[in-house]
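First chain written, first letter: the chains are A, B, C, D and E, and each begins at residue 1.
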Amino acid sequence: MSRRIKGRPARSIVPPFNPTVEAGAPPGAAIYLGDREPADAAVSLIQYGPDDATFATPSCAEEILAMLEEDRVNWINVNGFGDLDMVKTLCGYLRVDPLSIEDVLNTSHRPKVEDFGRYVLVIAKMIRNLPDGSIEYEQVSLILARNVVVTFQEQPGDCFGPIRERIRAGTGKLRKRGASYLAYGLLDIIVDNYFSVLEGLGSRLEEAEQFVDAAGTDPAFMGNLQRTKTELSRMRRIVWPVRETVTALQRLESDLIEEGLEPFLRDLHDNVVQALEALETYRESAASIRDVYNSSVSNRMNEIMKVLTIISTLFIPLTFIAGVYGMNFVHMPELDQRWAYPAVWGLMAAIALGMLVFFKRKRWF
Amino acid sequence: MSRRIKGRPARSIVPPFNPTVEAGAPPGAAIYLGDREPADAAVSLIQYGPDDATFATPSCAEEILAMLEEDRVNWINVNGFGDLDMVKTLCGYLRVDPLSIEDVLNTSHRPKVEDFGRYVLVIAKMIRNLPDGSIEYEQVSLILARNVVVTFQEQPGDCFGPIRERIRAGTGKLRKRGASYLAYGLLDIIVDNYFSVLEGLGSRLEEAEQFVDAAGTDPAFMGNLQRTKTELSRMRRIVWPVRETVTALQRLESDLIEEGLEPFLRDLHDNVVQALEALETYRESAASIRDVYNSSVSNRMNEIMKVLTIISTLFIPLTFIAGVYGMNFVHMPELDQRWAYPAVWGLMAAIALGMLVFFKRKRWF
Amino acid sequence: MSRRIKGRPARSIVPPFNPTVEAGAPPGAAIYLGDREPADAAVSLIQYGPDDATFATPSCAEEILAMLEEDRVNWINVNGFGDLDMVKTLCGYLRVDPLSIEDVLNTSHRPKVEDFGRYVLVIAKMIRNLPDGSIEYEQVSLILARNVVVTFQEQPGDCFGPIRERIRAGTGKLRKRGASYLAYGLLDIIVDNYFSVLEGLGSRLEEAEQFVDAAGTDPAFMGNLQRTKTELSRMRRIVWPVRETVTALQRLESDLIEEGLEPFLRDLHDNVVQALEALETYRESAASIRDVYNSSVSNRMNEIMKVLTIISTLFIPLTFIAGVYGMNFVHMPELDQRWAYPAVWGLMAAIALGMLVFFKRKRWF
Amino acid sequence: MSRRIKGRPARSIVPPFNPTVEAGAPPGAAIYLGDREPADAAVSLIQYGPDDATFATPSCAEEILAMLEEDRVNWINVNGFGDLDMVKTLCGYLRVDPLSIEDVLNTSHRPKVEDFGRYVLVIAKMIRNLPDGSIEYEQVSLILARNVVVTFQEQPGDCFGPIRERIRAGTGKLRKRGASYLAYGLLDIIVDNYFSVLEGLGSRLEEAEQFVDAAGTDPAFMGNLQRTKTELSRMRRIVWPVRETVTALQRLESDLIEEGLEPFLRDLHDNVVQALEALETYRESAASIRDVYNSSVSNRMNEIMKVLTIISTLFIPLTFIAGVYGMNFVHMPELDQRWAYPAVWGLMAAIALGMLVFFKRKRWF
Amino acid sequence: MSRRIKGRPARSIVPPFNPTVEAGAPPGAAIYLGDREPADAAVSLIQYGPDDATFATPSCAEEILAMLEEDRVNWINVNGFGDLDMVKTLCGYLRVDPLSIEDVLNTSHRPKVEDFGRYVLVIAKMIRNLPDGSIEYEQVSLILARNVVVTFQEQPGDCFGPIRERIRAGTGKLRKRGASYLAYGLLDIIVDNYFSVLEGLGSRLEEAEQFVDAAGTDPAFMGNLQRTKTELSRMRRIVWPVRETVTALQRLESDLIEEGLEPFLRDLHDNVVQALEALETYRESAASIRDVYNSSVSNRMNEIMKVLTIISTLFIPLTFIAGVYGMNFVHMPELDQRWAYPAVWGLMAAIALGMLVFFKRKRWF
């Protein structure tokens, strides 16, 4: 029941692949399977209704449960799995299935939606550009229950800032709607972030294109290009099941999904499809750039060969002639003639000229 | 809810990708998301029946609403989204859903059809050759209601001229039929314009082919070819959902679609399919031209190498012989012979001839 | 409603693409859209029953209509669309829909079948080798009504000769069966002709293979190969919808289709599938030949380089030695020795031999 | 109704394609369409029950019909179509449809199953290695009726030997079961033979791989590899419809199929799928070997260039120095010095050493 | 009924293909078809309930049957098919169909699930890294009956150690659940082992990438890379039907499958899908590495050519000049001038400098 394709940033053509548990660990055990050190759990609780919003950072599960209010939307966000007991207490309160807990803890799960009646489990992937230029994949698990949304992240730091801001400020529809709208909003912002990652990959490709257009050569170029392509493939493999997840959400017949959410989910679906199309386009672009680079390398080769050939074929015959008249035969009648030396120069010039005309005709320069 | 793959003309292998809003903008807000400056709204109202047609350019939404006539077809065309209030007033009159308004304003939406009962929303893409040789993608949104067609364009300038002319002149069936036939006519002319864009791309490929056939070489050639290919891919990604849109239109069970429109929609569908087939064919052609170009570059290389090899292998042995008799040894018996110098010439001629025969046999020239 | 991918013979990698009407022509107008000059209409009427057959070439539509017999099969063949009135009169008699007439006149329509109850419209494509080696695509439209088959061709000259012969001679089942069997027979012979075109393309590929096997080199080779490949792609795009057309015919529930025709249509379907498979095979063959050609070019290159390298590395060191003893230093003790000159020759021979052994070991010759 | 992709052994990249009848032959005529001379009909009749088996070679159809026994399984095998009358008489007795007879005679038919109620027609393809290394495709048509199996082969010689042996010896279940089990057994052995053909193709590929691994070069190599690939493609096109045929057999609801045959047919289906998978694998292998060969050719090229470059760059500067001191200027102070000649040798050695260090650093040798 | 794609480790691009029986062996015969010598049967019997577990190694089938307990889970593991009688006795007790026995014995069967009511047959493939670096494919057949699980392996040595350990130690849910949970656990651990094999292949690819990044060249590199790719393809062909098998298990409506197993099977399915995705990713990586390698080889070639060209074009003109003044003409006015020799040196230096500037401008160094 262990999963092994981890979310580490790929910096090589071969994506990372590191099992963190021994094959054969008993299934169903609540073990943290992520490949990052479990960060200190930093729990936050945001509660809001149409009129106001409260932000709190309770220190334990019991404190959260005591604070939950039935008539407002309660968003519990858990960063990191350092405090497994808290995760279990929270899930216990919401009567979450042990298998769901395991799915939440297994941070290399494929994106999916599962409807358990009293709650809906959504597993999604946050993709973010890190400051050092690498791309981070982080699993976000979301449990949507009656008036409660619980989100689990692998570590602190997320892309939910604008949502928190909208809750605080009360702009838009967010505060006026229910928990499922919050869940939609979180997914929407996750997908929105795909586009900024895509933009980063796109500008890497643009740089590559400009490099190639400037006829640059770099032994590391192709490796970098292929690494970008690998990143695109990898991201596609993550976003593809996200698309399926959103489709499944659209088809979900659960009374946890509030009325009037369909157009928003349809819109979310359109967004994911656009991200996939952009990924596809970029993969094609990478292949095109490879072709152009190869063609540019060939062109350079041709040019080098031309220079060598022109110089060689120009001087080799002349050197031969000079060699002939450098021979030490006693009887070489030409050597004694007054006109011979200038005549040889003339011959050489004629040959050189002939060669140049030949190359000109072949349009070599 | 923001969309990011913009409609700017692609001039590079990596298609443009510029989000114009911050990720996380609240969904559902009526904000103009296009990447062009909102042009001054230029509204036009065309009203016609079987017998006559009226053209007007009202200055505000109220003026338009006052002019609408129930027993004639009313075509309102809005260029640019500078005057959002007018858009909202118009849509309010037609009881258009806020989400539809947002779709209209978001000019990077995927083509689609949605039936809202009292109106049908069609989002399509106009593709046009600009005078500077680039290709412009512009979203056209069309709202078909009872006797009213509203079209929204991103900016002034469109391909609807022939339609206006036919309304003015009263030729064809257009004036005799209803609003859905007008909507069909507008979509038909949009698709017709794909073919002139395709023609332009086709002639770019034809030029490339002629260049390659003339064994031309140009370091920028491959880059240009791949850019044309990127343009083809990009257009395919736009036309593909247009095909789905037309299929959806054909299946639409709405009483806004007048009787007898099916064969026209089927015809429209055939047209889009033909455009897609042409795109596919051109993509294959681009790949073929690339192969021919690469082969041509190889051929050139071979030819250069042949020239170098022939000249080098012809003269290097001769130069060696000349070198031998240029040595200053005191005891070189050949040097004193009268026949030696002509004999060396003879030897050299023999070697050169032998080489030429060798090359001739290898069919190197 | 205009269609633009014309049926001109493709002689380049980029298939032809010439709109013959202005985009925006009113739909539904009976305008001839083919890209050939409308040939003079040459109408022929063939009438037959089990016992006899009559051949006539009436001069006008009225004459034809007067000659039609209810109890025999009437096959009206129209070559070219020079006389549009006649086409309209004929179609009027058969109560053909205006949209069908338009489809017939639009000679770049995709193959299709449409059942209008009182008649069935089949649009197919005749593909023929022209004497000059090019391939001609011609649209054949076929209207099957009660006892009447009308065929429309773009221009005189077709592949229906054997059918006419079988009607005249009364061999086979043709004369004993009804109009739908005639329609089947015509389609069958159209598909049969695909095979002779395929044969021509196949022998082009065989020639290419033989050329490559003989290690031939020709700068134009790759271009020609790709042109053949383009022709194959183009034909595939034509034959593919023909397959769909035959499938649709098989599924047609029309009482115009006589009983017992199913096995013949199934057979026709098998034929089209075989043609498609042959096209697919040939496309693969073309790619294989390209690979072999590229490999052959590489081999040649390697051989040229080997010759250059052997000759150069053989003589360059020797030339150096000769050069050394051509130096004019006053104090060069070797120069005065009697044995020096033969010793230098020995040294040179040793070096040359060493080189040859080295090349032999590397199996360069 | 003629079919044209013949079963001749493919020895070239372009598979054979020879129509043997004029396009336009009347459909439904019982003409032998194979591309081999109709061999003399060699008919055999094998009759068996649980207890015994009789082998006979009757000379005419009437003799066969007289010998048929209702309570035993009768297997009539017909080799070649030299005696069409006999074929017709046999089929007439079994009330075989004329179209089926035509399918049997047309030896380039696609594999298929057709249920005519009173009999089932199966068309399959026997694929065999010929002693000369080529691969023979032969159509086997099988008519399964009540207690009777008729097999038609194009010519004498088949792979049914083991079946005959099992009938003769009475081993296995064969003699205890009915006609449909015999039909299954024949198909099973046909499919079994695919594997020996596959094995042959596999060892061709293995040889190719070993050749490439030994860095062998042969201008004909790529052509041969592609021919093997063509053979694989061709075989796949034959085996693919065989798979469909077996699937159709499994779904057949005919009382001619005895009870308990399903697991055997499922097994047969698995076999065909495995053959297809092997074909797919081999096609991939061929592409891989091509890549390795191309890489090997490039490596060779690089090595040749290295040798040339090392020798040239080593001696060209030295030759220049020698040339300098071979000049005949009156005033060249170096020439008179005692130390000059050894100094020049020292300079040359230094340059050569420097070059060698340079190449060593670049790891050229 | 013989199957031929054997499970031997692939060490070449062309996967192994060795029929071990003559084509035409009678179907349904219980013959061992694996390609390993049948190892001595080593049977083990593990019996467990919630409270305790017994391990035994009975020596014959009768002993096993005598030991079976109805109220505990009995897991019989058979290593190797040396003792066919025992296999038959065991299967006889469980009333296993002869065709199932044959499937078990045929060790090159495709993975599948078959429900026979009283038992379920699952055929799966164990894939393991051998110590010598090769990959071993071994068929594991599993018969799930009421309280009994029988597993058949081709030879001793498996990956079930952790399962046995969990039974012994009583950790996890294993001991508390029934036979179908054991079957699930065995399949789960088989799939888990795919990941360690994948990891091994992944590190092979990583090594290849590092080699290429270090610009290494090795004539055997491409062959090894393609062999890894072949291994990936081969594994994919094995894992793909395993996925189908698990899907079939999920859909199985058998009362042998205990309640509450669905989430575990779904999890197993997710695992297989992840393995397939990793395989797909690695295949892409292999192609990318090939591209980078080819590019690296081209770069090297370019560099070699550059060195050759720079040295040649630098010295060839100088050598020519030296040659000119080595000529022995009597009348060469320059030779007598005092300034001539230094002037020639100056000229040479100027030419060399010019060349260097030219190369610098072309950015050749």
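Here is the rule we use: a contact is a pair of C-beta atoms (placed from the backbone, for glycine too) under 8 Å apart; a residue touches a chain by one contact, two chains touch by 3 or more.
Since the model is a prediction, treat every value here as computed from it, not as a measurement.
Distance between chain D and chain E, defined via averaged C-alpha coordinates, is recorded as 27 Å. Between chain B and chain D, the centres computed from C-alpha atoms are 44 Å apart. Those residues of chain E in touch with two or more other chains are numbered 298, 301, 305, 308, 312, 316, 319, 323, 326-328, 332. The touch graph of the protein chains shown is a ring with every node of degree two.
Order of chains round the ring, from chain C towards chain D, by the touch criterion defined above: C, D, E, A, B.
Those residues of chain D whose C-beta lies close enough to touch chain C in the complex are 1-5, 12-15, 17-19, 22-29, 97, 99, 109-110, 217, 219-223, 226, 229-230, 233-234, 237, 290, 293-294, 297-298, 300-301, 303-305, 307-308, 311-312, 315-316, 318-319, 322-323, 325-328, 332, 334-338, 340-341, 344.
Contact residues on chain C toward chain D in their complex (touch as defined above): 159, 161-163, 166, 171-174, 185, 188-189, 192-193, 195-196, 198-199, 202, 205-206, 209, 212-213, 215, 263-264, 267, 270-271, 273-274, 277-278, 281-282, 284-285, 288-289, 291-292, 295-296, 298-299, 301-302, 305-306, 308-309, 312-313, 316-317, 319-320, 323-324, 326-332, 362, 364.
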